[in-house]
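Chain nomenclature is as follows: A, B, C and D, assigned in order of appearance, with residue numbering initiated at 1 for each chain independently.
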Amino acid sequence: MLQALIVIPLLSALAIAFAPKANARVIATMSSVICLAVGVLMAWQFRWGDSGEMQFGWSMDVLPELGISMSLGVDSIALWLIELTLLLAPICVIGSFSAIKDNQKTYYAWLTALQAALIGVFAARDLAFFYVSFEFTLIPMWVLIHLFGSTNRKKAATKFFLFTFTGSVIALAGLVYVAWFNAGMMGGWSFDIAELQQAARRMNGTQQGWVLLAMMAGFAVKVPLFPVHTWLPLAHTEAPTAGSVVLAGVLLKLGTYAIFRFVLAFVPDAVVAYAVPIAVLAIIGIIYTGLICWVQRDVKKLVAYSSVSHLGFCVLGLFAINSVGVSGSVMYMINHGLSTGALFLCIGMMYERYHTRSMDEVGGLANKMPVWAFFMVFFTLASVGLPGLNGFVSEFLCLLGTFQSGAGSMGVGGTVGSLGPWFAAVAGTGMVIAAIYLLYMVGKIVFGELREPADYHVHETLPIDLNGREIGVLVPLAIGCVVLGVLPTPVLRTIEQPVNQLVQTLEDAHDHMLVRGGEDGVVVVAVWDESEGDVE
Amino acid sequence: MFESMPALLGAGSADVLPTTVGPGWLWLVPILALAGCVACGLCLAMRVRTKAPAWIVVGLLGIAFVLTFMGYSGWDSASAQVVKVFEWIGLSWGDSAGQSLSFNFGFYMDGLSWLWMLFVTGLGTLIALYASEYMQGDKGYARFFAGFALFVFSMACLVMADNLVLLYLGWEGVGLCSYLLIGYFYKKPSAVAAAKKAFIVNRIGDLGLALGLFLTFVTFGTVQYDELFALIDQGVAGDMARTPLSEMWQTWAIPLLLMVGAFGKSAQLPLYVWLPDAMEGPTPVSALIHAATMVTAGVYLVARFFPLFAFEGVPHYALWTVGWVGALTALFSSTIAMAQFDIKRIMAYSTISQLGYMFAGLGVLSTVGAASHVFTHAFFKALLFLACGAVMHGFAGQLDLRKLSGLWSVPGWRIVCVTMLIGCMNLAGVPLITAGYWSKDMIMAEAFVTPGGQIIGWILLLTAGLTAYYTFRVFFRVFVGPVSFEPGDEHHDDEHGHDNGHGGGGGFHPHAPGWAVNTVLAVLALSSFAAIGLYFTDKPNGGFVGNLVGDSTAGYVTPYGHHGADDGHDDAHAAAEGDVRFVLVADPPAHASGDATGGDHGADGTPDAAHASSGGLILGMDPHKAMYYISAVVGLIGILIAAVLHGPLGMGGLGLGTRTEAARSKADELLPALGPVARWAQHKWYVDEFYDFLLRTPLRVLSHVFHAIDKLLVDGLVNGLGLLPRAMGSALRPSQSGVLQGYAAGMAGGLVLLLVIVLIFM
Amino acid sequence: MHLLADSMVMGQVTLAHYLLLSAGLFAIGMIGFLTRRNLIIMFLCTEMMFQAAGLALIAFSRYHMNHTGEVFVIFVLTIAAAEAALALALVVLCFKRRESLDASAWSELRG
Amino acid sequence: MMSLATQGMVLFADAHPMVEKITHLHAEIVLFIATVVVMVLGLSHNAGMRRLCGGVSVVALIVAGVLGAMTPDMAHMPMPGMSGFLKVVIAAVGVLLVLLIEGTVDRAYENTVRKTGVFDGLRSTRGEFYAFMLFSLTGLMLTTGADDLIWLFLALELTSLPTYVMVSISTSRARGQEAGVKYFFLGAMGAAMFLYGFALLYGASGTTVLFAPAGEVSIASVFASNGLGAMGMLGLVMAIIGVSFKIAAVPMHFYTADVYEGAASSVSAFLAFVPKLAGFAALILLLSTVGWTHGELHDSLPDAVRIVLWVMAAMTMTVGNVLAILQKSVKRMLAYSSIAHSGYMLVGLIAGPGNGGLLAGNGLAAVLFYMLCYGFMNLGAFGVLASLERAGMGGESEEAETFADIRGLCATNPLLGWTMVLCALSLLGFPPLLGFFGKLFLFTSAISAGEILLVVVMGINSAIAAFYYLRLVIASFIDEPTAESRAFGVTAFGSRVAASAISAASVVVLVLAASWLMGKTGDAVAPSPTQQVDLTAVDGIHATIAPGGAEE
């Protein structure tokens, strides 16, 4: 199954490359739809009772000398993220029909290849294979931005590539270090994630601290976390619509997923020690980028910055190291993919008609495009975290988790952890700020008097308001937002098992720290102090 | 822990209502409203141009009201009915206490919920009916009703919720509907701005609520009302050690946080600023959301969590703040209302002011008074708004009281005028015959009997006078006197395409209200009288509302305190002639001699301790009695002043009034004497400007600064790092001069350097 | 053994002297290479460096009392000869094109 | 006289192993014979015969490769299998190089011959050119099996001297001569340095034998028993620095860009592989004399040597990369990147064979593997340049050189375009191409050796490298073709295109065989049985350094 999800898009990409131009979008659509069907089948066959186990396992030795294999398998969390990817894939493809006119073969081939890489990341059970997929996502994305982006695309694409590549090479060093450590213990090299996880946890505080820093150097860029976020607004603004959708929807989640899968699971001691500084960065990101959103003129940039702000909640939840926070983060990954992806689609649809994204030039579109306006407002509200829609559940859980973390002494609902009410309170202002900037955006482009660019003329093929195809790509996302907002529990219950397993180790690490006293903690913190500059 | 709950409940005091399983069909109530929303959405999508959406919504809300009433009738009043519909957010991470969270979509129906639900669905139906005419011909007809129905759904969730998170859903949901409906005329920048302001200010409050919720969860391990109130009833937190709440700071911190949320939603100082602007929305919205129902959610929240607000043994910071903020808000906003000319804004400020009364009532432990006032206020304020709306609608958006006069004499406007008069009388507290009088009295009297509450009482009394004045100022200027009007500038042809002939001054014919509007106004006017009747049914127990409140979480305080416990209740009953069942007074010693923290209530709040210990007598009378007279007098004085200053010349032969034209009255002559104060009041004491200066502008500047930092510093640093290799390359480039000897020198130099290194490390 | 003794008897001239000489030669060669512009002179300087090594080899050979060093030197000389042939061919080629033997004339490729 | 006779006896006594050595040299002998054949063929009046030079070289290389594969292990070497393995690699890459080099020289002259029908052997350089190439490859093969300083010196010179000529005659432009002059003179200086180093090594140990069977005197055994001493250390370091000219490591890197730019692309490809491999083989052998048996854990080089190499590695990567960023010429950029890649490989040398007996910790295997990867990807990149030509001044064709020249290559010539893209990405170390696995192998070995800082430097450098490799991808894949770039057409020499395409394919396909290849490199650097005993002695150490173990 998982192999199929990787192979089908890859073969389709090849087919697109060699098939006549007219077939490109057909093949791409078919491939993505077939994959989605496979995804549904997978969800059907998944043993939800053992959601913490890796299922659909498959493995092939690639480089036994280095212990590298191509191992696939998913637990429920990976499965959900795969489903998200699979859902977004046809939406991206179909959503691009009218926007992409030239060079279709290249476009759809890379878009399809990107899907394979993304699945690879989530399905990887082998660290090296994970890394390969993780890195490979860069190329298609880079090509998409570089070839199909808007005016400033070259700079954006290159910055995106270099930024993330730099980070991930350093992360690779950390990952290899873990593999080496494991080799020392086991007497043989292996990149098997489960095996490395066991080994990594036996590293001492200093080692874990370094590994955490190395990993975060790579993954924080991808998320992106506060000081290393500047590639994102640029990349988003310049990327084609589908690129932005995948970027916001899935690509950013690679970072948080990797933090979940590797940082949290591999180096729990260091996570406990570093939770506070990282959470501080996340909170700075929430507020700082939130405020920046408020002064944007470019609506796409605004949403891009808002992603940084939102993902701050996600990271915060992860470093709350309790089940509520971590579950909330996992939900956040899914939810943000739906709502922000949809926002980018909406903006893309506007852009196709007006060829501008500046809020100074367009506005009051509710007068002219009520259907579009409905979706725009709807997804904005999902993004604001309105209860009943998906964004609320995850944001709420992340904040509650943060609040609980370290509030163990305050009451029965508290847990171990290093954050606490103050963190939640400060991060909570992000909720207010989100309302400020998102309503500011909606107030500008959706409401108010109709404003159009001077040279506006009706699109050759597209109607004034959305057409059926466009509505068709937005509706599944809207349904997703509502369903996950009203009935998140089934999803939450399925991720309970893997999350709780992970949280258990983190809690043990926390207790362990306390037992050991400050000794190791001091070491780790000292390490952090020295290398603060390196985090960049 | 929770497993043992039933046992604890059984053994516990009788004050916490036992829970029974409520009727399963209760979920139909919110769902019907939601269905209305969906149906209107479909109408919108199918571009239905008829009045179908209105009838659908009126019908569904009507059914919802009937169902609510049926549910209420079937309620045994001795228990809280619990209905679980489905698990909304559920998660567990262990088997022991506090290791799971489960937020249901479920209902907790006690007296408080029933009370609110009754008037929410009832008024909802009526106002929908009104709107069916009022909004007629508007392009966004279906959109309006979709939002309207969604609001009722959200409000139902808020009120019926059996846990804080669902309440939060309703809380934000009503905020959303408020946002959507204020911004209903989305072309008007002022409407969009007002909508945004409302949502954002509310969000600030919501943050407090959310944090309160988190703290509640952390402390009790649950936010489910039945479990929560059972724990509070026992005075313990949710942990295994059963830590007494009196030893926990959370016991006073949680109410403080919840209070912030309540202030936001109920437009109290300092978060009231959004409500006047919210009048940008269509009038039915103002009536339902921004007068009758949504804004009382804050009162509901405080009443709901009253056991915690008034928990004995910890400082009552929150309760005290609620009382004071309420009183000050009441006074403050009525001063603004006095100086306004826009009648709808006047009503808005009066709403804020009346909400202040309710909070003051809560603060002085009169949950019954507060709830009663919510109830009566819902009717008469809706009435006032709808009447104002009818005027606005008829006069092309004219709301300036200087440009309208003598509607009494305009044909077709008599019902509006009469109902308006009834509304004004209620608001002004005309004695005996108005429900507003009785409910307001309850609060004021309670303030005087509560130790430390006297100043609040005086403030409220003063406000009552002011209220009477500005209310009748509106009435005397607009509805009676010489006939004179000029139409407003609202040429909303696309909204009201059918409007006939307005625009020109002379040829303007006011558009008199139709049957639906008149019916609704009449029904509301009658209801406000009926409310008196409800007040006098079972009067010893506080009337209808008092009964309901008594059978709710607001009806008791804590078994350990004196408030609300059976004995306390008896004392109070005896002392206060049984006006109110739950006079949450205590004998002064209870306050004064309480433990150190408990004593705060009395000691901090009252500068004049002697006054406090006097047992709260006014003029040597029991305050409850005295208030009947005092407030009546104060109200009448207010009306009298209004009549003198604004009443039309002669005025029914009483010879009070002096006004002969629409635009000017005697008050204008007196204003200069006040100096700039009148102008300040008219400019709403410049609070908006102050907030702009203090918060918005700095924040905006900060945002720009951050943006600059991001572009220059953070990104610059990154770009700089990116340039570093390039710079290094440029620096090294001269070494590649292309000259053979240069290269050789480099090689030789490198050799020497490396050999030196070797010599160092060898 | 007696060869070692012989070398001691040889008087003050010890291995160190030879090595110093060879190092000096090497240094002179290198400095010459760096300072002279004429290609032929520069080549001769490299030869000098080679021979410095050769001198060291012979000295060591003597010191260690085996002939490996000397054998090495023979090979070095051969290589040096080959290099000389190459060098002269190159120099001729260059001279043909530029009419100059100045090394700095060849700095078109740079950066 | 007496002593001389004794020495002679000893020499003759050694004759027997000398003869035995011949059995290890079959591949070199074949190549040498081919060299002679080619040289003669190049002088043939028959154009067809002249054209056979390439074919003969290819056949000879294939035969040499097969023979190389069959080379028996040299038991007395520290890594008995290395020579045999490298011979196969050399033969394989050599074949591609021959294919690439086709048509580099004599094109104008051959045209003239075709027109006039007159052939003058003195004016033809084809024979020499191929012969020199084969000479150089022979030298390279000899280097890999050197067990004596003299041999090593001769082999290195045999590798280098022909390349000087190749550079000079590869193009008729002045730049070729400039490149030749610089290369030769600086090369001679480098040679002098390592020769002096060799002399000191001899002086320190009294023998030129690098490795000998157990019980016999060799530099390695002397160093093992007596330590290096000051002279040995100086000699070793000078030798290392001198030899690093071959690998273009800082501070001996200056010539690289100028020479690669000046020479024809095919020759640049040759230079980027052959001398570099020779240099690394020599370094491995030289460092093996002291062995990676020092330091606290007995798994690293002597401190001074390690630090020198460390500085060189860090500097080499950085200097190469930062200078590469600035270039407009692809060739020059590839030259600087070649410097950077040497830096990466030096990391493997520092790491050494590792002490856990695990392949992933074996830096030497990583170096060999990386060299193999680099051979292919670099050849592909240069090959694309060599395959694109346009009519230049005076009827001579010009090869593509700048970024502008290859703009839109994927559109105008997909095969070459994608070759360039794949090779660039592989050079960047982008997964899942071959270069990534090469780099990963270096990472694992360096981390195993505890060189974490160096790994980070390497990581950052990889990122810097992305700056310019990405430009290569942008130029060929993203950018639209321009009139200028359209002027370039595919060369008439199909073998060049084939060589590039095969390289690009290898970059992808060899990933599948990466495991097998890594295994082979592991075998190649597997220690001889005698040394294995030494290693087992320190086998337990890994357990103690495993930090988890240390914790408990």
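The rule we apply is simple: a contact is a pair of C-beta atoms (placed from the backbone, for glycine too) under 8 Å apart; a residue touches a chain by one contact, two chains touch by 3 or more.
This is a predicted model, so every value here is computed, not measured.
A simple rule picks the central chain: find each chain's mean C-alpha point, then take the one closest to the mean of all protein C-alpha atoms, which gives A.
Between the Cα centres of chain A and chain C there is a gap of 65 Å. Chain C and chain D have Cα centroids lying 26 Å from one another. Between the CA-based centres of chain A and chain D the separation comes to 43 Å, rounded to the whole angstrom.
Separating the centre of chain B from that of chain C, both taken as means of CA atoms, is a distance of 98 Å. Counting only residues that touch two or more partner chains, chain D has 181-182, 185, 189, 193, 257-258, 326, 467. Across the assembly, chain C contributes residues 30, 33, 42, 103, 106-111 that each touch 2 or more other chains.
The residues of chain B that reach two or more other chains are 722, 733, 736, 738, 740, 744, 748, listed in rising order. Across the whole structure, chains are in contact as follows: A-B, A-D, B-C, B-D, C-D. Put simply, chain C touches chain D in their complex at residues 3, 19, 22, 26, 29-30, 33, 39, 42-43, 46, 49-50, 52-54, 56-57, 59-61, 63-69, 71-72, 75-76, 79, 82-83, 86-87, 90, 93-94, 97-98, 103, 106-111. Across the interface of their complex, chain C is touched by residues 733, 736-741, 744-745, 748 of chain B. Of all the residues in chain D, the ones that touch chain C in their complex are 3-4, 7, 10, 149-150, 153-154, 157, 161, 164-165, 168, 174-175, 177-182, 184-185, 188-189, 191-193, 195-196, 198-200, 202-203, 206-208, 257-258, 261-262, 326-327, 332. Considering their complex, residues 30, 33-35, 37, 42, 103-104, 106-111 of chain C touch chain B. Per the touch definition, chain D reaches chain B in the complex via residues 181-182, 185-186, 189-190, 193, 230, 233-234, 237-238, 241, 245, 250-252, 254-255, 257-258, 303-305, 307-308, 311-312, 318-319, 321-326, 464, 467.
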